[in-house]
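In the two complexes below, chain A is the common chain; its partner is chain B in one and chain C in the other.
After this line comes the complex of A and B, so read on.
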């Protein structure tokens, strides 16, 4: 009975993995990534994506409380189940080809050849069998990795990640190395479109060694730091901060203009994320119309600073900025005042409504004389100089780097403000309000005022982002202010961890930076954002870098739930 | 009436020290009433539209509104049992319309669509309904069920993610472009009903929606499962104690909401003749508006709310803006719908027909 039960569970999990594999193929992700070679001639990112589900399911299955033999068997069974489903789907697709393309338009012959290993000269049936075998083998490997000693596991994960990262940065690193006249290094590491075999092996080994030795290094460093006297510690901290500043300061010079452009994009989302984090993370108000503030900031800036706008004042950016911030905070208050009495989910929808109203109005013919309709407002001047200025050490700054430095400054300022707010009386009031509004009110917190404050703070940060955006692009068009911006910022905040400042930065790099590194990814960006929102909420609602009080709050809710699960589990094991 | 049973226990908080905000709200109310009255007067006094044109706009609004009503029922049913806004419901609707396209295309290639429209059109509706139902069930099982006891914003964020995920999956699976529904001879031309010409496609949409809504009403009011649904929406724990399988009822609720949305997807395609992966968002939000308008959780309210919103959206741009010679007032149609959404949520979150608790 228990054996049958666990086997059924293994098969079911395997089938889920199989569905994931089929999905990856049918939606076109696998073939889009097949162009990206990880190790030239051997492995593409597309293969890697299909390898992950069986590996992962094997790894997961081997984690069950059974003897080692049983765990490996489970992994194998799950893998075979996944493989069977996948192979069956592959054969069905081959049989239904070309008609299937009328519905699932990504299932091309090239894709079927790719999945069925046509390049090895295999017939569909043999290809299907090979897929089945591979899935089983991979799940087995996953299972073996799980029961292997920790050091082995760490080595494999470390080596694999190093390989993946090095191959992903290829389109930026290789040209940059060539520019910096390190062409021999570039040629050693990369071929024209992926890692070279020898360097791949070296990177794998290096990553493995680093991953295995890292815990020991870290623990010795920690114990030394703990043993050090306070003076040394503070010196060390200041040294670390100085190194960080120096690194950020020289980053555009090191990374070249293309990567700087990516950094600027990430910077915008860090800034927006920090602003939204105040509203969502601190005060617990889900604002789905955050893009409205971004748009308001950008359009106000454009109106005031552009000589060709309807106002035609042509003010300097730095004079305009305080005016814009003030106006946006007022807009925030104005929008906030009527809606803040609403309960959480209604508030979210109302703000979404405001965001959409803003979007339609910006692009409408009705407001064209003032806002330019679909053409927007152009010739917004740069922030500093004419987009070119001189800085000590890095010298002449131009192009995206000209936005990078002020943006970095604003991000640091916003992070500082957010940090100080978090541990202030206001931050604690927000915290209390988020956890229980009624209790907060009963303890004398004016919830309406604090909500308004959060809204206005978020609006100001968002509008600063918009103002910089307007000068960065030297103009504003309504197409830049879609609902997707709001949702992307929300995804950044949610992935990093609501209420966590470091989380926002990590989230922005992961969600905004990665799609830039993986151009093939661009088409599936939104798909991944959606999946990230769902997955984070289901698996790790506190985010990647959780904020302490938030985690406690969510854990409380989860314990309630787990109480029930535990009862179920006890029943099952009592059965056994 | 289940309306009163399904109503939200605490739709609005009213602390007593809100004088300034209250003043702003009252100013807003007055401004809206005056604005609407003045612009209606201005439009009607120098109107260029004949009575017939107004009537056609009205009928278009009704047919559009019956699609909104069908989608709104899904929001309302789910809100009734789970107290959550199923933000991905608009994409469930889209999936039905998109999937049924292939059935319509196939039936058209076989000629069945034009030879036996009385069978073919219901088959297409059924395909749409079933495919949407499957998505709705998967959505509930995978994304929502594990989060039943989570803080309120958690399932909402999940739903937003699910919405993006579904629409972009469809974009990947079925392709990027607009899909044009086959032309059906059956829908060409007009019916004359009491001397009023109504486009056949609009009449089909209105009649189908009415049939589906009556069926739903019968199901909820007269069947055992419907009674269980009402019990769950009133009190899950007590319902469970009475021997009702709450998980099953919630699944059924999602299934019904999904089926109605899928049918609505096909009807929407009949009105507009085309479908695309991104079409779920706007009708979804508007249907949500309709659900709130009728009082969320209230089935009859959702139907009426849908019709009201459809008509409002169809008439208001012309009625409110044409008088001022605003260029292309129809661009601002969505603004009207969203303004209704915002205003209803601010002023009457319990709906037009509901009443705040304790009053």
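After this line comes the complex of A and C, so read on.
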């Protein structure tokens, strides 16, 4: 019976959602976030995390090509499946209560009370039933949202996102508003820990209105722009660039010290991501040892600029930088040369080894007289005026902002270089090499030269990152250059979309910025990275902001898939 | 058929009777397996010649030596008097040898236009530092390359609106044509086509052979075809070389080949009994 088949799919998906929920609870993520209130007194981030799986599965199941009632039924079935599994796990945990903590140490009595709504005075059995009902209801809501008209869907998603974002930035925005003597605004929007009820409603409404009107605004703007003469268009483009620059220029002043610190961290990964994107995204050389270049840049800088290093030259950073870039490019060639003949996985493994060799060497006793062993090199002077300088409009710059400005400059420079290379003879040669090395060579591309060039370019950008890092921390220690850095940078590139410059920036904000804003994540960061990457590979393999030339392929594939689903449905309904 | 822009003439050299490519005594061993044995072979300038032979006869191995993918175990290959037998493929490409593949090998995730533009790599001069700085006439070179690419797309008959599509999304016939456009972008003197009609129906095959004849006529190219199917090359090529078990068993005009008893035995005989 074909209908049984679709129901089986719904149950299976529901069970997956249930497993996700159990996992979130058992590992302790949900309770870690339960202290974070979204709307004071009503909703915590912990609740929200448990709410999302059934909602999402309902939404997903209702996307299948069936008549409306069938889609909603599927959503409900999936939700009930998720709820049943979750409730069963809850009851089992209650039954096994103290003992279970030997295996799952996060499953405390408080947690079980939280999940079972003990604060409402419910017995475990009733609590389990309530959970089951809630999961079903949430999936149903998800399903209804999916089949609702586009405007409604947009409104709900837009409003919800606005609410979430505003509550997430609370710990940074509220003190900032107070500092900027906007305390009345701060008091209106936030209570001491979360959004105030009234402002939450307003933000929800505002987000909804914006999301609904956005497509119309955008299409009007597009058509106006298309109709405008070239002079106006270029004026507008320059105006947009100026606004962007002004925004980035004043951002540290607006956002305050903590957020600037986060921006600096994101900036490092943007820079590294742009460099690795040349190697992996453009040229298709999977480099898992990228941290080596970061380390080389940092150590060379420290060696040359620190007065207490073995060399003791104490050069100015800006004089040292060109030397460091040159040296690192040579290290890039040095590492690139022996691996020229390797492809794909083999290249990945060898570069992974190089990254580890770099780390071990830096901390080794053998090189201790020069590199300081585990103590590293200290007293690296800051790149600009001892960490305090004056800029027009912004005024006195100090703390993380002092790094922010030069780092921003280098990020813009790297993005510009990456852009120029992408649409050039060089960029095309790299892409051809990525697609088919043999054919690229038969087309007249010297794959040896272009591989080495890619390695050297990637190394140069990475080492600039390292150089800034060394002066930012005013010292280097080997512990800062772990394999994890290579993997995180690669994750940034892959998440954003291989070969896409905008993708790198978005990827860095998503992977580096978000965990900083959600401090509760810290403990689960790697877990979440893994989950996010798997999800991206499954749902959006081209990355968040796909490379323009790859976007077309995507749409094609999607059309095909929908076509197949359609056929599947036609067969089903024909049978029934 | 439109007349072609004289700017597209690839090899304006006069026919002075000297061959464009000469292979002398070429032998290729793969660890004991002799794929090509002592082959002598010539391609006269501005001609269309074909190498045919049953599967496994060593056609593609020979072809790969002409384009620098393999190097002969012994013997020499000269292109315009230059010994290319030890050269890397990208150097050979730079001299003016371009090729296509039996199983289409486009740069799949690049756009149609970029596939052709990358084909012009060897005729471009822009370096990475010039691209970054925007100096050294890089804009003009890009523009000229783009114009040339569109011209070639038009020549092979790929509609302009497909230019921004990823090459893997093109229909099969267009992919074959795009491969030829990519090869032509390098301004080759010698175009090597590896089974250009593989997977085509008789109508498409006729179109393709007409197109190959036109390329030679209007672009003044020299073309070497490899074919499995003998009928394809009979109408279009002036000279045919037949390989079997790695050896040259016959050479001559299509009529001579058709009448050659060794060819019939090695090749047609098998097909006739099939």
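Note that in this section the second predicted complex is superposed on the first by the 548 of 576 C-alpha atoms of A that agree within 3 Å, B and C clash if a C-alpha of one lies under 4 Å from a C-alpha of the other, contacts with A are read in each partner's own complex, and residues count from 1 in each chain.
One rule holds in what follows: a contact is a pair of C-beta atoms (placed from the backbone, for glycine too) under 8 Å apart; a residue touches a chain by one contact, two chains touch by 3 or more.
Because the structure is predicted, anything quoted here is derived from the model rather than measured.
After superposition onto chain A, the partners chain B and chain C occupy separate space and fit alongside each other. Using C-alpha centres, the superposed arrangement gives chain A a vertex angle toward chain B and chain C of 70 degrees, stated as a multiple of 10. In the superposition on chain A, A:441 makes contact with both chain B and chain C. In the superposition on chain A, A:288 makes contact with chain B only, not with chain C. Touch criterion not met for A:189: it reaches neither chain B nor chain C.
By the touch criterion defined above, A:453 lies against chain C but remains apart from chain B after alignment on the C-alpha atoms of chain A.
Contacts of A:428 after superposition on the shared chain: chain C is touched, whereas chain B is not. After overlaying the two complexes on the shared chain, residue contacts for A:420 are found with chain C alone; chain B is out of touch. When the two complexes are superposed, the chain touching more residues of chain A, out of chain B and chain C, is B. Once the two complexes are laid over each other on the shared chain, residue contacts for A:103 go to chain B alone; chain C is not touched.
In the superposition on chain A, A:357 makes contact with chain B only, not with chain C.
Superposition on the common chain places the nearest Cα atoms of chain B and chain C 6 Å from each other. Within chain A, the residues touching chain B in one complex and chain C in the other are 441, 446-447, 553.
On the side of chain A, the complex with chain C involves touching residues 416-417, 420-421, 423-429, 431-432, 434-436, 438-447, 453, 457, 549-550, 552-553, 556.
Of all residues in chain B, only 10-15, 17-18, 20-21, 24-25, 28, 84-85, 102, 105, 143, 146-158, 160-169, 171-175, 281, 285, 288, 292, 321, 326-329, 331-332, 334-335, 338-339, 341-342, 345-346, 349 touch chain A in the complex they form. Residues 23, 26-29, 102-106, 284, 286, 288, 337-346, 348-350, 352-354, 356-357, 360-361, 363-366, 368, 437, 441, 446-448, 483, 487, 490-491, 494, 523-524, 526-527, 529-535, 537-538, 541, 553-554, 557-558, 560-561 of chain A are the ones touching chain B in the complex. Taken in their complex, chain C has these residues touching chain A: 67-69, 88-90, 93-94, 98-99, 101, 105-111, 114, 117-119, 121-122, 124, 126-128, 131-132, 134, 138, 141-142, 164-166, 168-169, 182, 186.
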